[in-house]
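Got a structure for you, written out below as structure tokens; questions coming shortly.
By letter and in written order, the chains are A, B, C and D; residue numbering begins at 1 in each of them.
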Amino acid sequence: MTRRLSPAALSSTTLSSTVLIYLALAGVLVIGGAAVATGGGNLFATANLVDMFTRTSLTGFLAIGMTLVILCRSLDLSVGYVAALSSLVAATTMDGDVGRIPLAIGAVLLVSGLIGGANGVFVTVLGVNPFIATLGTGLILKGYLDTEYKGPAGDVPAVFQQFGYTRIAFIPISTVVMLAVAAAAIWFLRSTRTGHHMYAVGGDLDVARMSGIRTGRVLIAAHVLCAMCAGVAGLLLAARFGTGSAEAYTNLYELDAIAAVVLGGTLLLGGKGGVAGTVAGVAILAVLDTVFNVMQIDPFAKDVLRGAVIIAAVAIYARRQLDRTARRPRFALEGRAS
Amino acid sequence: DTPADTPDEETSAESGDEWFVQAEYDEQLAQRDIEPEGDPETPWLQAIEPEWIDTTEYAREGGDATVCFSNASISNPWRVTGWITMQEQVAVLKEAGDIGEFRHSDAGDDDDQQISDIQAFIDSGDCDALLISPSTTATLTPAVEAACDSGVPVIVFDRGVNTDCAVTFIHPIGGYAYGADAAEFLVDNLEPGSKVLALRILPGVDVLEHRWAAAQEIFGDSELEVLGDEFTGGDAAEIKDIVTQYLQRGEVDGIWMDAGDGAVAAIEAFEDAGKPYPVMAGEDELSFMRKWEETGMTAIAPVYSNFQWRTPVLAATMILAGEQVPSEWVLPQDPITEAELADYLERNVDMPSLHYAKFGGEDLPGFPESWTDR
Amino acid sequence: MTRSPLLAMRGIGKAFLGAPVLSEVDLTIERGEVHALVGENGAGKSTLMKILAGVHSADAGTVELDGRAVSFGHPLQAQHAGVASVFQEFNLLPELTVSENVHLGREPRRRGLIDRRAMTERTAEVLSDLGVEHLSPSAKAGSLSVAHQQITEIAKALSQGADLLCMDEPTASLADAEVELLYRLIGRLRERGVSVLYVSHRIREIFDLCDRITVLKDGRLVKCVDTTDITPDELVTAMVGRRIEAAFPDRLPGTETGEVRLRVRGGGNAWIDGIDLDVRAGEIVGLAGLQGSGRTEIAEAVFGIAPFTRGTIELDGGPVRITGPRKAIGAGIALVTEDRKAQGLALRQSVRANARMVLDANARVHSGRRLDRIPGLLSSLDLVSRGDDQEVRFLSGGNQQKVVVAKWLAAEPGVIVLDEPTRGIDVGAKHKLYSVIRSLAAEGLAVLLIASELIEVIGLADRIVVLHDGSIAGELPGGATEQDVMAYATGRRSAEAGPA
Amino acid sequence: MTRLRALAGRLTNPTGTVFILLALILAGIFVKNADFFAGPSLMAFLKQAAPLVILAAGQYFVIVSGNFDLSVGALVGAQVVIAARLIDGEESRTLPVLAVMLFFGLAVGLVNGLITTALKVQSFITTLGMLLVLYGAIRLWTGGAPTGSLSEAFRTPGRLGIEGVPILGQLPWALLIMLALGAGAIVLMRTRFGRILMASGDNDRAAALSGARVDTVRTAAFVLSGLSATVAGVLIGGFAGVSAQVGEGLEFTVITAVVLGGVVLGGGRGTVIAAMAGALAIEALFTLFNQLALPATLRPTVQGAIIIAAVAYAARQRTRPAATPATVTPS
């Protein structure tokens, strides 16, 4: 045996990573709630709850897709551009006509899926590092958007705008849809072969291949789904804007999404993690945003705090990871255990 | 009637100049010559051809109003300057008891974020008036409409939205006037056949696109040659690089800019290349104006009136007092010419370089420390 | 009409990056046959098996299954054609459970979805078929012992219900009881008409299990014989190309056993305990034991990777505290690690860069004179390369190992620990290493040698220390019999009890 | 003949790809406008390319050791803003402020390095967080937009040069600094530090077991990157003065440049000279776009396509074996 398994899981950890992340979310809620309370506010007032939920949906869609590619040990830096393009495809296809909504949704999913496919092919067939491949795709899309759309375009009918504005009690519909997509993604990763194989591809490409997995296809599928999630995010943008906007790509949504995924406990190295954690990661970022807003934190201080929280959280996860690399001991630290 | 043999006029018109609307262009150019109503000493309260509307339905007893402000961002020096001015104005109104609490949120130029911010203000139910400086015109429209529907008086300023549901929309004359001021100056001060380089920040932003659309209109009717239009991101290094490259390829006689950020870098490119100064249209940004004075070059500083940041807060208190406001509050927007240069430099002598001459805060109690020591 | 054999591989050739690994190899396997594939390390056994499994594609030759020509571009195609494989390297994903690993790539489905219950049930079935208890299908693979991981691998291959089962050194990490299980299982498969291709270095297993033997040497077919037509001695001669007695060079004249250089007393940590060890200048001490008995842990403790938490270490009579590799190197200890690719070499760097790595990394041993010695050192090891600039990943395993040895010798250590130095390297290189080890001793180094092939320890070491379950079970003189060593290694005899 | 072959071999290896690309782009510029190669305009090009080249060298150290530095763009911006605010037009403050900047660059690199190595946070996240922190903190400090102004002395290295050089006209200081630092980087990679850095990126376990202080050299790489961002900040600030947008997005440009130079993300492969050539290639590409008067909006598309194609081409070269016969090392 020349290669042994990484003994990552040897220690008897009772706490699963996902539980830890939800505990982190709870911690953020408690600390945030206390901070807001000292300022005389109530973080859990309906308005603030609505705000938190609303903020989860857009990043949520992007981060769910991003989880899939990161699980496969890939990356997608083009999602912001795909979302912007999708908002335009949606709005221009609908063009104010309610009857064309299904067509528009189809067109968005098709276009974004094709872009994801291209990303996947660059990575698997051409062997381009995903960072560069998707950065390149992003640039290509940016050029197209800047050239083709000199500003907002298209018209989203009021019915479809409801996707961006309606809520059920205090939960926005877009959040419900996002959670549904998250549930679908969890189900997909757990119950379908392709989804299940994503863990294998990200865990060890060679092992996956030798076990008979078509690794290229799995990776391409992840990229396609990731881009389609970005497409859905684009639909949400269109619904909220009432039009399509190329400018949306300037917001570096991809970095937010990656941060949420990593906060959610998915390893950037692939093979470990999941969408349930990602949802918590997204929620943590949303809670932070709401807390900062309610507390009227200076926008630039927000960036500082956000950066610090992300690093700190990941450092805590990494510490746990470290503890678990210990081999199973045979002897107690002092003397022989018999 | 086959599509092949009919030239598609509509699309060609669209793709040629999506941003150009003749009627608005004509209107703005005309507004430049209209004497605004109100005291010229307080240009932020002046209005061009106002149509006063009644706001008694929003009248509110007892002062101490909670005013909320959804800001697109403070991601550039122009917005930073304005934001300071606005806060100083708020301080005055708080002192006077008109405003009790002033809440703001900053969307960091993210449209979706700003929509959430606006929703959060509405949902909180605490706002007596809502100020919005939209990050993008079209995309914020539904959110602003929703805000109007909530019954809170909504005041939109700077960039507009595609709805007139707001109680008032406050803005200087606009992008066409700005672009035209700059372009006309170049046409007037350059020989026919001279070459002009256009430096733009980024594509797709309406206020900026209107400036360029107006300039194209004017250059098109002139005998100037436009060498090119380049996007610089407002980055000084990028600007200097691009101008240097143009200078390597030939003469550049005039520079048209859609915003003054980095104007000095463009001028330096001429200095470093040993070329004579161009005729230049910058902005009322102080580093440019100081360079202008220092070099004695032929230039103009078009103005996108920064003092407009005072108006919305004042409008809010007026509306909450039930006073009349213009339904569209068009503020004056006069470029700074050579003749006024020395005066404006004198008035802003302590101000930092990325400050805007027509910021209109000289009479506020925080002046000048609030702008100098941030 | 005679039925065609189940498998017929003819004229198989394969080269990696220009270096031929297999040429003109034929292999036929009949139905229900257990067929052994033997040969020295690096003979190309695993490569041949991987071609059959669709992992690599052959450069030349044909493969027929059941009389039909096949060519597998992907492991999946091999699986579909009825070929299942247990690979030499572990092929499990630590984050997945046993049952997920067993079914990886072939998850049972119900209505298109993964049927986890069926997966668990089938895994339990296969495991009980194997007679394995205490292995839960829902345990994470990463949490298993090495033996259970190996069993999971076997279960993974078995569960495919294949016509041909290929196993590459399946018993390498199994204890006797588990090997027995495997024997019974292979017997049952044979009854069902399943054929088995069996790769192993354990001569006894081959004679116990197999019907026919194919011998490879340096990538070529040497012979294919019925087990009944050959004796173990003849087989070894066929594999090695010469008689085994000639395999180990004698102690060099002038080698003197001097003072104790390395002394460990009561050494222990979480994995090993009660280690008393003396290695003298000029002496080769062998560490023997089963897989997982703690030999590597001793090496790692001496070198400070996982230091002793109890006991003492003395070097040349003075106590030292070795808390990390840098301390060890500074104290004159070198460790040739057991996994040269993962731990020994920066594969994408040049021969030169690797050879000087220890000198570059440690100011205390860096010197111009030592740097100047490196080219001479490399050539004294007979390194075959395209020059010092060549990236080491393009070298053959034996030559890679020579680079590792050179990088340590460059630092002129007083104690050298060699952990499986001959793993995966060819006969010639092995021999060269044997004589290098001898000459190190002659130069007065203290050598601690760990080797899984017992014969190497027996043939080279002056003394053999045998480990069992993390502790020293006994000590034997060089040249002791395999039985004696195994008696200690398996715990049947212990130091306290004394020789039976 | 053999020399030619050796040269051809070198050019088709992944590292050589960038030189081919650079030559193609320069040829394109030549066809379009031969005057570009006149001394003064070439000098102007190099002057303005110098900061990216220096950043590429800094980023190279980080990438080759197996990490990323996404914070350099924000650091460049921060340095310019710090310089402007602290100097505030006073010539006498130039040197002290330069010292402060060097210290700051060093500190940022050190923090990046320590978080990555000691806390085991992946460098992508560490430096992404640092990007956010720097971006926010610097604006917090200056109230949103840069204040103060740079001194003439500060601007000298980025803007001026030795005047009156025959043929070239002005020999820019920036070019000389670039050459000096480039040479320094090349030399550094040949020292023990460089070798260990490279080995750590290739196989950190093997390097550590050989006694290398892997964490230390990796941290040092981040410090070098921080220092290179400082120098780049001095040059960019000197070249064009302060603006609010300085440095934005530079991190992606510079990582692209390094990868274009055949340096592999993940570490252990590529040369610093090729990384710097990658930066020159990117700058030359922008110049070519300009010469071709390619519509500004279309440029990202062409740039993206070229990057993907070039990296795919290099990846293909990498999997191809070199076919020279092996020999026994001559004794």
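The criterion applied here is as follows: a residue touches a chain if its C-beta (ideal position, glycine included) is under 8 Å from a C-beta of that chain, and two chains touch if they have at least 3 such contacts.
Composition by chain, UniProt nomenclature: A = ABC transporter permease; C = Sugar ABC transporter ATP-binding protein; D = Autoinducer 2 import system permease protein LsrD.
Since the model is a prediction, treat every value here as computed from it, not as a measurement.
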_Show me the overlap between the contact partners of subunit A (ABC transporter permease) and those of subunit B._
D
_B-D compared against A-D, more contacting pairs_ = A-D
_Whole-Å gap between the CA centroids of subunit B and subunit D_ = 37
*Between subunit A (ABC transporter permease) and subunit D, what is the gap in Å from one C-alpha centre to the other?*
30
*For subunit A (ABC transporter permease) and subunit C, what's the span in angstrom between their mean Cα positions?*
42
*Just give me the whole-number Å value for how far the CA centre of subunit B lies from that of subunit C.*
73
*Multi-chain contact sites of subunit D, meaning residues that touch two or more partners*: 144, 296-297
*Would you pick out the residues of subunit B that each touch at least 2 other chains?*
74, 203
*Could you say which residues in subunit C touch two or more other chains, in rising order?*
342
_Touch relationships between chains, expressed as pairs_ = A-B, A-C, A-D, B-D, C-D
*Quick one: in the complex, what on subunit D touches subunit B?*
33, 35-36, 40-41, 44, 48, 51, 142-149, 159, 236, 239-246, 248-249, 287, 290-291, 293, 296-297
*Which part of subunit D faces subunit C closely enough to touch in the complex?*
192, 195-196, 198-199, 202-203, 205-213, 268-269, 321, 323-331
*Which part of subunit C faces subunit A (ABC transporter permease) closely enough to touch in the complex?*
53, 55, 74-76, 78-79, 85, 87-96, 100, 104-107, 109, 112-114, 140-144, 146, 149-150, 156, 169, 172-173, 268-274, 291, 294, 309-310, 339, 341-342, 423-424, 469-470
*Name, in rising order, each residue of subunit B that touches subunit D in their complex.*
74-77, 79-81, 83-84, 203, 228-231, 233-237, 239-242, 244-245, 248-249, 261-262, 264-265, 268, 272-273, 287, 352-354, 374
*Could you please specify the touching residues of subunit C with respect to subunit D in the complex?*
17-19, 303, 305, 325-326, 329-330, 335, 337, 342-349, 353-354, 356-358, 360-362, 366, 375-376, 378-380, 382-388, 394, 407
